[in-house]
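Note that chain A is present in both complexes that follow, paired respectively with chain B and with chain C.
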Partner chain A sequence: MRRRKIAPLVASAVGVLLALLLPQIGSDYYLYLFALVFTNVVLAASLRPSLTCGQLNIGHSGFMSIGAYTSALLAKNLGFPFEISLLCGALLAAIVALAIGYPALRLRGVYFAMVTVAFVEVIRLVAQIWVPLTHGMSGLSGIPKPSILGMTLTTKTSQYYLALFLMLAILLVLWKLESSRLGLIWKSIGMADNLAQSLGVNIAKHKLLAFAIGCFFAGVAGAFYAHFIRFLFPPEFGFLMATNILVYNFVGGRGHFAGPIVGAIFLSLLSEPFRGSPYETIFFSIAMLMTILFLPGGLITLPAKLGGLMWRRRASAPSPVA
Partner chain B sequence: MTASLLVQSAVIGLSIGSIYILMALGLTLMFGMMHIINFAHGAVYMLGAFVIYYVFFQGGAPYFAAFVGAMLLLGIFGYLVERGIYRPIKGGIEPTLVALLALSTFLEAAGYPVFGQLDKHVPPVFAGTRNVLGVMLSNERLVIIPIAAALVAGLYLFITKTKIGAAMRAIEQDKEAAALQGVNVHVINGLAFAIGFALAAASGALIAPIFKLDPMMGDQPLLKAFIIIILGGLGSIPGAILGGLILGLIDSTVATALGAEPAFLLSFVFIILLLLFRPTGLFGHAPP
Partner chain C sequence: MPLLEGRNLSKHFGGLAAVNGLDLTVETGEIVGLIGPNGAGKTTCFNLLSGFLRPTSGSVGFAGEDITGRRPHQIVACGLVRTFQLATLFQELTALENVLLGLHLHSRMGLRQVLFSRRVFPPDEVSLSHEVLEFTGLASHADQLARNLPHGYQRVLGIAMALAARPRLLLLDEPVTGMNLSESAQVMSLIKKIRDGGTTILLVEHNMKAVMGTCDRIVVLNFGRKLAEGTPAVVSTSAEVIEAYLGAGLHHA
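What follows is the complex of A and B.
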């Protein structure tokens, strides 16, 4: 029992230490790659609250897109400092989530999933059609680099540390939320919302809160992405990206907070050699199908499963004759 | 808008609507029985079109043979998907939806290395034009209407008159009770998958000579089919037919007036509003 509590702690401590040391050992390419991996981790982890409530959100990238475009446009056209534009992007994403989520609360399962699918297409089309603002399909370029307190982060190392800091801060907040009373309520809604309601839980309010919190952080991830890549292209935030975010959660495992983190790191790194090509999607979808069919608990259940197999084999094997 | 333009929009709307209806019928049938949305429906539509490209255009087989071949081939594929994906997940709706989503992105992405990066074109099968109420319309679009109507009528008769159709309706009403009465739920679900996939393949095969072919071509009709089944009420077959006709007409008139992208955007805003405020559809069917 104690080992179970210590192992994730040690793993995350080692992970954070390695992440802190990466600029000492890796080239700029690795810093760039890992900054994107951290963005994916934030996206995956921020989908978790609504998944925990049993809401299948297939439109998370739409909220990322809102955060990205809002922050990029505020900084580029109105000269907002990075911290403020990022916050505005994330807040707008959360406000849109509240507006969509409030009436969508009554919907369950398939219906909610379809609203979010339609939503991500609406956001993509708006970004595509609203050419005077977003430059449509020619893409939005010339987005200023991120800055902190007026100091522009020009080096990849400093931008990498910003990504790392944002990810750790967001993960800490999400972890605190999940291990609080609120997290318990979300879990109870996901498992049996009728029962939760009969016990006096205001399920509508909590579903909405979980959805908006997740979308707020998706907006943060989008805003960071905008100032890091410095180029936005509407189809990037389409259906495919939304599916990938779901895939991180399912492949990593939905049963534990670490699931989406493990899933996002594992899949982003493994698919890196063919990023942007059809093979990336092929790889993702096969990983997804294999996980759902053969490892429904996700990657985080793999050690326990392997351990169980070994233990069983040892137990059933005939004892060696001395 | 002149009268002739109106007639033209109406007929084109009817033929596009027929394609949407064929897509939507399979979706709504599968939803009614299994409470799932087949996200891979658009990919199957794409595969149906590519069967026409390879068997009819490259292979030189007669068009109707290729058409039936596409339906059979993808019908079998549908049955296998039920065996290999739906059944092992044992009714978990969320994992099933995500697995079908993964199947869809897999088929679409695999289309690029398999079919090549360039758009494909199938030469016209029914060349020429015809005068309808004083408007010249291409035969290619007109011929879709009777074929789709025949398929819809066939499906309707199958569901209302045959024993398998009765079993499907029984599963739709109550899966456990149907199983207790001796209905083999697995096989019947597999047949529903097969029928849904075959109809999607048929719509892809009908559209192949008209539109360009690429692996992502199924996304738009899939989203249109979503709109239709929500409009008609999820699980309702008459609703899907009426919804398809309405959307086809809106599509051809609004798209002519505003352009394709704004029309598409409008239909999405409409679907979101509809889902949010009247999730049972215009005609009311399955409760959310």
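What follows is the complex of A and C.
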């Protein structure tokens, strides 16, 4: 019991330490890569509240897109400081989530998933067609670099630390939510929603809240992405990215908070050589299939599984003393 | 004044009247049984009373308040709690955690508690849950996963969770279905114990022996209408009831 609590703590402490030291060891390329990995971690982890409630959201990248475009346009056209434009982007993503979720969350299972798929395509098309605002398929460029309290973060190192800080802060909030009563309510809805309802849970309200919280943080991730890459291209935030976010959760494992984090880090790093090429889709499909076949609980169950194998082998092997 | 009062309740599914003009009252401290052949509208009636379905017409009154059209979680807050026909439990949690959730889910909380409370379950709730398990005879199974419990215990756990929500009226949907004689006798004596503790009970059940031995009053439904009502002795000798269950005799043919 105790070991189960300490192992993740040690792992995350080592992870954070390595992340803090990375600028000392790695080149700018690695800083760039890991800043994107951290963005993916935020996206994956922010899908979790909805997933825990049993809602399959295949439109998460649509909310990221809203955060990205809102923040980019506010900063570029109206000169908003980074902090404010990021917050506006995230808030708009949450507000849209409330508007979409209010009718859609009454649907269950696959019907809700279909609405989110339609949503992500609608958002992509809006970004593509609304040329005067978003520059459509020529892409939105010239987005200002992120800044903190008026100081522009020009170096890759400072932007990397910003990504790290945002990720850690968001993970902390999400973890706090999940380990509180609210997280318990989400879990109960996911396990048996009619039972939760008969025990006094307003399931419509809580599903909506979980959905909006997740989309808020997707908006934050999008806003950071916009100011970090400084170029937005509508098809990037399409259905494919939304399914990738989902795959991070499934491959990492849905049974634990660490699942989406592990999944996002593992898959983003492994798929890096294929980024943007058709092989990326193939890679993600294979990862998903392998997980379903061999590790239904996801990567986070791998240590326990290996431990079990070792133990069994040791038990069946003839004792060396005899 | 009755604790629960359904007035002229109807529920139509398309052309089918699952419940049709039903009047139903439950007095405080009673155990009332709702029986009837398959498809008589018993479960629909339960769903209407607990807010899982909205009646097509008619009204539901509880403790002097009109609760027609309220949503399930609001009705639970009034003190009317139901269980489900199948063993609906949080399967991946232990028996104790299930009861804790029953206690817990309806308690209010602020943002501060959400973000800064260190414990999910306060110690007083834990001890209260142990009491509920003790009361229902599940104390020795507190740490077993719900899905590993035998069927009979799963059903009792469902009742324990509902009890944890501190109901004034408990609606039990087929509490002893699929149980053997001794299990069902145990559950029935538990139900009496719950009533003696001050909770009024309305139950749906197929098991005639269990119903007859436990209920103070029985309401018989057939085709969505009330066929008969009265003490077990009166109902079990009613010609209409016997006909509904066993079919019309030859002389009607």
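Methods note: the second predicted complex is superposed on the first by the 319 of 322 C-alpha atoms of A that agree within 3 Å, B and C clash if a C-alpha of one lies under 4 Å from a C-alpha of the other, contacts with A are read in each partner's own complex, and residues count from 1 in each chain.
Heads up, the rule we're going with is that a contact is a pair of C-beta atoms (placed from the backbone, for glycine too) under 8 Å apart; a residue touches a chain by one contact, two chains touch by 3 or more.
If you're wondering where the values come from, they're calculated on a predicted model, not measured in any experiment.
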Which superposed partner A:176 touches (first chain B, second chain C, both, neither): second
Chain A residues touched by each partner, larger count belonging to chain B or chain C: B
Partner chain(s) touched by A:240 [first = chain B, second = chain C, both, neither]: first
Which superposed partner A:16 touches (first chain B, second chain C, both, neither): neither
Partner chain(s) touched by A:195 [first = chain B, second = chain C, both, neither]: second
Chain B versus chain C as contact partner of A:185, first or second or both or neither: second
First, second, both or neither for A:203, with chain B first and chain C second: second
Shared chain A contacts, counted only where both chain B and chain C touch the same residue: none
In the complex with chain A, residue positions of chain C that touch it: 50, 52, 71-74, 76-77, 81-84, 88-93, 101-102, 104-107, 109, 113-117, 120, 161-162, 165
Touching residues (chain side chain B, partner chain A) in the complex: 31, 35-37, 85, 88-89, 93-95, 97-99, 101-103, 105-106, 108-113, 219, 223, 226, 230, 234, 261-262, 264-265, 268-269, 271-272, 275-277, 279, 288
Residue ranges of chain A in contact with chain C within the complex: 173, 176-177, 179-182, 184-185, 187-188, 191-192, 194-204
In the complex, chain A residues that touch chain B: 54, 56, 58, 100, 103-104, 106-111, 113-115, 117-119, 121-122, 125-126, 128-129, 239-240, 243, 246-247, 250, 278-282, 284-286, 288-289, 292-293, 296
